[in-house]
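Starting off with a structure, shown below.
Chain IDs A, B, C, D, E, F, G, H, I, J, K and L follow the sequence of writing; residue 1 opens each chain.
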Amino acid sequence: MQAVKSTLPDTTLKIIGEAMQGALVDLVDLSLVAKQVHWNIVGPRFRSVHLQLDDVVETARTHSDTVAERAAALGLPPDGRSATVASGTGIATVPEGWLRDTDAIRTMVEALGAVIVRMRERLDDVGQVDTVTEDILIQLTKDLEKHHWMFQAENAG
Amino acid sequence: MQAVKSTLPDTTLKIIGEAMQGALVDLVDLSLVAKQVHWNIVGPRFRSVHLQLDDVVETARTHSDTVAERAAALGLPPDGRSATVASGTGIATVPEGWLRDTDAIRTMVEALGAVIVRMRERLDDVGQVDTVTEDILIQLTKDLEKHHWMFQAENAG
Amino acid sequence: MQAVKSTLPDTTLKIIGEAMQGALVDLVDLSLVAKQVHWNIVGPRFRSVHLQLDDVVETARTHSDTVAERAAALGLPPDGRSATVASGTGIATVPEGWLRDTDAIRTMVEALGAVIVRMRERLDDVGQVDTVTEDILIQLTKDLEKHHWMFQAENAG
Amino acid sequence: MQAVKSTLPDTTLKIIGEAMQGALVDLVDLSLVAKQVHWNIVGPRFRSVHLQLDDVVETARTHSDTVAERAAALGLPPDGRSATVASGTGIATVPEGWLRDTDAIRTMVEALGAVIVRMRERLDDVGQVDTVTEDILIQLTKDLEKHHWMFQAENAG
Amino acid sequence: MQAVKSTLPDTTLKIIGEAMQGALVDLVDLSLVAKQVHWNIVGPRFRSVHLQLDDVVETARTHSDTVAERAAALGLPPDGRSATVASGTGIATVPEGWLRDTDAIRTMVEALGAVIVRMRERLDDVGQVDTVTEDILIQLTKDLEKHHWMFQAENAG
Amino acid sequence: MQAVKSTLPDTTLKIIGEAMQGALVDLVDLSLVAKQVHWNIVGPRFRSVHLQLDDVVETARTHSDTVAERAAALGLPPDGRSATVASGTGIATVPEGWLRDTDAIRTMVEALGAVIVRMRERLDDVGQVDTVTEDILIQLTKDLEKHHWMFQAENAG
Amino acid sequence: MQAVKSTLPDTTLKIIGEAMQGALVDLVDLSLVAKQVHWNIVGPRFRSVHLQLDDVVETARTHSDTVAERAAALGLPPDGRSATVASGTGIATVPEGWLRDTDAIRTMVEALGAVIVRMRERLDDVGQVDTVTEDILIQLTKDLEKHHWMFQAENAG
Amino acid sequence: MQAVKSTLPDTTLKIIGEAMQGALVDLVDLSLVAKQVHWNIVGPRFRSVHLQLDDVVETARTHSDTVAERAAALGLPPDGRSATVASGTGIATVPEGWLRDTDAIRTMVEALGAVIVRMRERLDDVGQVDTVTEDILIQLTKDLEKHHWMFQAENAG
Amino acid sequence: MQAVKSTLPDTTLKIIGEAMQGALVDLVDLSLVAKQVHWNIVGPRFRSVHLQLDDVVETARTHSDTVAERAAALGLPPDGRSATVASGTGIATVPEGWLRDTDAIRTMVEALGAVIVRMRERLDDVGQVDTVTEDILIQLTKDLEKHHWMFQAENAG
Amino acid sequence: MQAVKSTLPDTTLKIIGEAMQGALVDLVDLSLVAKQVHWNIVGPRFRSVHLQLDDVVETARTHSDTVAERAAALGLPPDGRSATVASGTGIATVPEGWLRDTDAIRTMVEALGAVIVRMRERLDDVGQVDTVTEDILIQLTKDLEKHHWMFQAENAG
Amino acid sequence: MQAVKSTLPDTTLKIIGEAMQGALVDLVDLSLVAKQVHWNIVGPRFRSVHLQLDDVVETARTHSDTVAERAAALGLPPDGRSATVASGTGIATVPEGWLRDTDAIRTMVEALGAVIVRMRERLDDVGQVDTVTEDILIQLTKDLEKHHWMFQAENAG
Amino acid sequence: MQAVKSTLPDTTLKIIGEAMQGALVDLVDLSLVAKQVHWNIVGPRFRSVHLQLDDVVETARTHSDTVAERAAALGLPPDGRSATVASGTGIATVPEGWLRDTDAIRTMVEALGAVIVRMRERLDDVGQVDTVTEDILIQLTKDLEKHHWMFQAENAG
């Protein structure tokens, strides 16, 4: 079934398809990781970081929806199912159980760092073929890099 | 590390812990399944069901947060990581790719039905030991049964 | 036509069905009675009670919708038609024409009292078989008993 | 008890009184009929029509309040009690139980059609004697005719 | 200086001009009278009537602005200066100093009654020549008659 | 295809149909003309008139939707396509390119004046046969005459 | 009837009573003058000044209510009736009919200037005896002097 | 521990400290008294006064927070604990149990009167040494005197 | 004076009365304790915990109102006066003066822990006799246990 | 008259001017076409698509304003007059009269497809010379491609 | 050019002019300093203090606008240009580059302390000559002293 | 101290660092210049331009925050201190004292023109190395060019 057709050429769609699918998996997992840390964090910075993590969840959920709907808009059905996310994510497994706030912050610095590296690669690929899709990657990378700064700043000084 | 202590006895906490962890996994997966169908649905009822599915996502996200924070409040660290969700969910795998609206609705009827059966079992277990936690399960079962009706009604007639 | 199926056993559904249908009729009539008094009240407390009655209307409308949709969610089609309400209501007929404020308040004390007695019986019946439906009756009884107090307080002193 | 006095002559008040009382009964019943269908509808257009019916409920409730308070403002106590509504309504009885969406829409086309015919007669009568009251009938007829179109459009094509 | 020109004939404008100027004066004074009573009322119904009077002020201010701008829109400069209002108002002088609530309500019943009689005469005059301006008089008379009912209802019973 | 049927007689519908279609074309063009001037105006009153013009756009868009839906509600399919608007509008062509603010205001005085004259004719025609549709024309004429005054006032003094 | 008693000494109350009554009259008249100019202004700055005048109306209405309720709070019944305002105002009579924008602005500069001078005298008197009432005069003088600047700035340059 | 240091001299701080601590205790108790009456009032004015009392609660809570934070801001740790409030309040004990509305209003007139007398003394003391803190006392006295008027007005007439 | 009558038996009312009165005292004192700590906390977590404490205040105020009005609704006049609260509270006295953030958090862990233990006993008692009142205790215990977790989490790790 | 000057070179402005003017015409016509279909659609999906079309209208109106103001900002007066739109649009003429929902959806798929093709050409041209203007075309193409997907999805399956 | 004239004597204006100009410079620089620290802070309290600093920015911006407009209102043109601010500020230079959170807080304690000392001097000067302007200084000093406390509290304990 | 690390290469960071620092200085000064003119403008367009300038302030403040936080996010501590702004700004010094509206507008045309030229150079530099940062410059240039048009349009015609 070819439900939706794009006016873009197939080679372009192939590059976009891979980038969007990869971005979707990373963003869905980022939302789950941030919630996991949001629930399990303990330590003197509990409340401050607990709230900060919901900002990350909000960012990840909003952009994952935009990415998935962009894929669909180009005739490329997105896959955000839990098994696909679990096996394809670029984020290292978070340890289970309570997490001290310093560890929580380091976990987020690493998770965001890993996703940013992959997003910048997708940005390079997609920027060659479609500036419209590229813009979606620019916006989400900008937000991820902002969160990355905030968690780094919190562990520095 | 025993970060948070509840005043409830250990046997009670064990029952609640299993119920909350099971409910969390089902609700997180329900939110992912509803988004998957939201993105991949096609057919004459596309727009109406596309919007309806975001209501399910909202329900699943809100209750999963409540359930996880209830577990944490009782000293039971919740696990909502993607691998845990993928392996522990009570919802059957949704097929990948475009999904006709009739299939989409049947998928949701079945997914909601499966989760409701498991939630009612948890309700029976928890109702024996803690009415406070029971109330959380009552509220979410009520909402899930309402969504279940709406998708059934849409496939009937 | 069996449009919607519940996972609950038939004996449970029978008890819930009677309770929900009875509650629906009482609540719809309560909303009509409160509006009738809202329009026909006269006397020095006109404005204060006129506004208070719209709070009752709001309560009755909101809960009647919840009750009817709960019945539907369990596969039990609700009946809120005017003839059904007129013949099945537990509230005594309000006299037609202008109503002095003291009479208006006494009318509401009696109407709420009658409905509360019936709701508490339904609560007992349903509490035996389904805590999810029971919660709906708990919430509405709580609100009705609060309104009951306010009208009693207004006639006392 | 003559609680409220209008400056309009008695013959005018008699005509307005009959029109307002008739309009009130029809509008209250329309709100009950629309809710009945809202709860019992099944079929592929369930969600779309379910939501549409609440727009009709909102219209009917708002205008019934305006009509009843207009009668009161002219010294004519309105009667919106369930028995009065059940016996005086111009809308044919809706069958009980689940209602297929096509039947639901046809039910609303007929109910709205019946009410519109009666409202236009009231408009003719009242327009002769009081342009202030006439305006209330103009506004509600406009809204009813808009809903009538929408349900007709949904059954056509 | 003929700043603004209407397309309506001069005889029509003359009738409208008188009606609008008269309505403006009455409405401005009504807003001042209602405020005067709002500040000076005492007695067991103080708070309820104090709030009700601000609803009258709101009505009077809104409609006076509409009426004055309607006059301006037709090239007829409106006059709402205090001396014009004081000498031209159709409302009897309110006594100075504290006002018992029963007297306050009677004052408002009489003030509203006097204004309504004059507005209905303007309605008759303007209805002959311009339905657009007539509509402004219909809307404000409807609101004034509603307030009139409420104050009457409060003194009855 | 006779999709929607009105209860009004054919002769009435013919008069309303012509009035609504004419009003629709004028209002759509008014919204385009006001936007054209909004974008091209220059001069010392740029900002003030630029904002004022968006009020006209809002008025024209809202009423054009009401008019078109009124036609549809009576079974008369409206035509608001660009070619129909371009050929049928009662507004003279606006010159292309930058427009000095004095010219911009004069353009709007003339455009509004032309539309008001045509609307008053439609008001006379429709007022004979349907007070419900007449009310729509009354409301929009009232708003157009208010805008007409404001642009005239701005060019006077 | 001595309805409300203040704890302040009589000599203090006498000074406050005169200041509040004078301030009330000036502020009510300022609101009427600003509306009068709002309706009758013509000229190239029509829209900008028309809007600015409603800011003055808002200021005058809000502070007049505060002043009157302050008097009442101290047991001094305020008098804001139209005849009292017309005879006691410190603002010179505004000419009737259309007002060129330059004249409108000069009118407001003068009206505000006259009121400010009188308010500063009241401020001096009341500041000697009651800092609570003084604060009300400080706040309103601050707002009046801000409006005064804006109208002066508009006429300068 | 000297956690926070003010730039004001010690004698000034001593005066402010006593005034703020006294004001805090009175305001916290006023909020508790107003709630006590809000819950226990009965009689024909139940609803009107019940709502009015929550306005007093809101006033008392807001100003008590401002007062306590002003003390803290000047390096003076405030004491709003229940035992401190119970022993230090300037308000006479309210009788337990249901309270007729007339008694309720008299209770509030007395409670507000007692607090106002003490606040005016603090105002005199603080006004000598710090106009910034004085302003906080001015604002709260203004609000308390307004509530005092309203309850007096309700018992008069 | 027996102002308000409940339909529940006296033995039931006695149990509920004790539970509600006890809950009211604890909740009012919790709101005062949380405000006391909110004002006196110092240390590196000042701002974060200062804000968190206002969430506790909000919770305590809202539930204390619900509890008191539930008692009133059942004909049991509640007692929330400062002396009653000071002598009956289950929360240990908070030391006066500045409070280091670590001490502040420990104070709240202990205060919440003490109240939770007492609320769970009330829950057991009331759950035997009235599910409607029980629900109020369930909701507030749920919120208190959530706050308890957050303060514990902040002191752990 | 050269009212507004850009810092960009003339060759760049020429390319941007053509792109903006073309985009403006297409977007204005898209808003008119979507409204035309919004009013004339009939069939079982009437309500769902009727609402969906207003989302397209909103998109088209917002972007047309942005495009026109971008042209103006660069010194290029935009032309959005009805005759210009009717003759320059890239969208095929929509048939007059009622439109079945399937035809309505197909009409929108084609209209959006035609506009997207032209927008992508403009994107290529402008992307060579000005990234600021290019961004405007990226944003609107993204939105148009999203609407295109939704209408395609609705016709598939 | 003497654009705006005050009614106050020249000696008064001279004192106010110096106070307002000094306050303006300090407040504008405070807003820049708070933003500088907001961007450059690092350390475990990053997020909490980062947010707190925007509250200071908001305070400083709001009061600087009030102060500047007060000067203008009295005919004294304010000077808030960057060079004037840089040379006239009473706040010591903040070091460039990243700032540890402890240093950031100490920086703000000192900056606020310096500004408060100068504001209290201005308060003394202006309080002698104009209570209206004095009130502006009272309000801003109150807010600055509150921020001062919060930063001190954060460094204490 | 290297608090925050970016994944971008050093040469890229150097280019971005210079662009962001330059943009920050220009935007902060633009906000101060626009406020300076906002306070000192006089003449017939006072109110209109006074309001327009606050739109510029809002734009400059929002983008300066985004630019500074982008620098921080890439590990480049931004410098927005008053001395840095005063010495590094690209905007010519605004004359002190009252400013006629024509001069005010010309001042803004020149200030915006100067900043736009520098921003376009930064756009060229950054566009070579990082599309994410480039997007920030695109958005702010777009807004600045829109303001530039509006002030030019106001001086033309």
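Following the convention adopted for this analysis, a contact is a pair of C-beta atoms (placed from the backbone, for glycine too) under 8 Å apart; a residue touches a chain by one contact, two chains touch by 3 or more.
Since we're looking at a predicted model, the values are computed, not measured.
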| item | value |
| --- | --- |
| Steps needed, at minimum, to go from chain D to chain K via contacts | 3 |
| Co-neighbours of chain J and chain D - touch as defined | B, F |
| Copies chain E and chain H touch via same or different residues, half shared test | different |
| Chain J onto chain L, rotation angle from CA fit, given as a multiple of 5 degrees | 120 |
| Where chain E and chain I are represented by their mean Cα positions, the distance between them in whole Å | 52 |
| Euclidean distance of C-alpha centroids - chain A vs chain K, Å | 41 |
| Chain centre separation in whole Å, for chain D relative to chain C (CA means) | 23 |
| Contacts with 2+ other chains: residues of chain K | 1, 3-4, 42, 44-45, 48, 69, 72, 98, 135, 153, 156-157 |
| Interchain pairs in contact, sorted by label | A-B, A-I, A-J, A-K, A-L, B-C, B-D, B-I, B-J, C-D, C-E, C-H, C-I, D-E, D-F, D-J, E-F, E-G, E-H, F-G, F-J, F-L, G-H, G-K, G-L, H-I, H-K, I-K, J-L, K-L |
| Complex interface listing, chain J residues touching chain B | 44-45, 48-49, 51-52, 150, 153-157 |
| Chain J residues within the chain D interface of the complex | 41-48, 50, 98, 100-101 |
| Complex interface listing, chain I residues touching chain B | 113, 116-117, 120, 123, 127, 134-135, 138-139, 141-142, 145-146, 148-149, 152-153, 156-157 |
| Chain C-touching residues of chain I, taken from the complex the two chains share | 1, 3-7, 69-70, 72-75, 131-132, 135-136 |
| Residue numbers on chain F that touch chain J, as the complex places them | 1, 3-4, 28-29, 32-33, 35-36, 39-40, 42, 65, 68-69, 71-72, 77-83, 85-87, 89, 93-94, 96-98 |
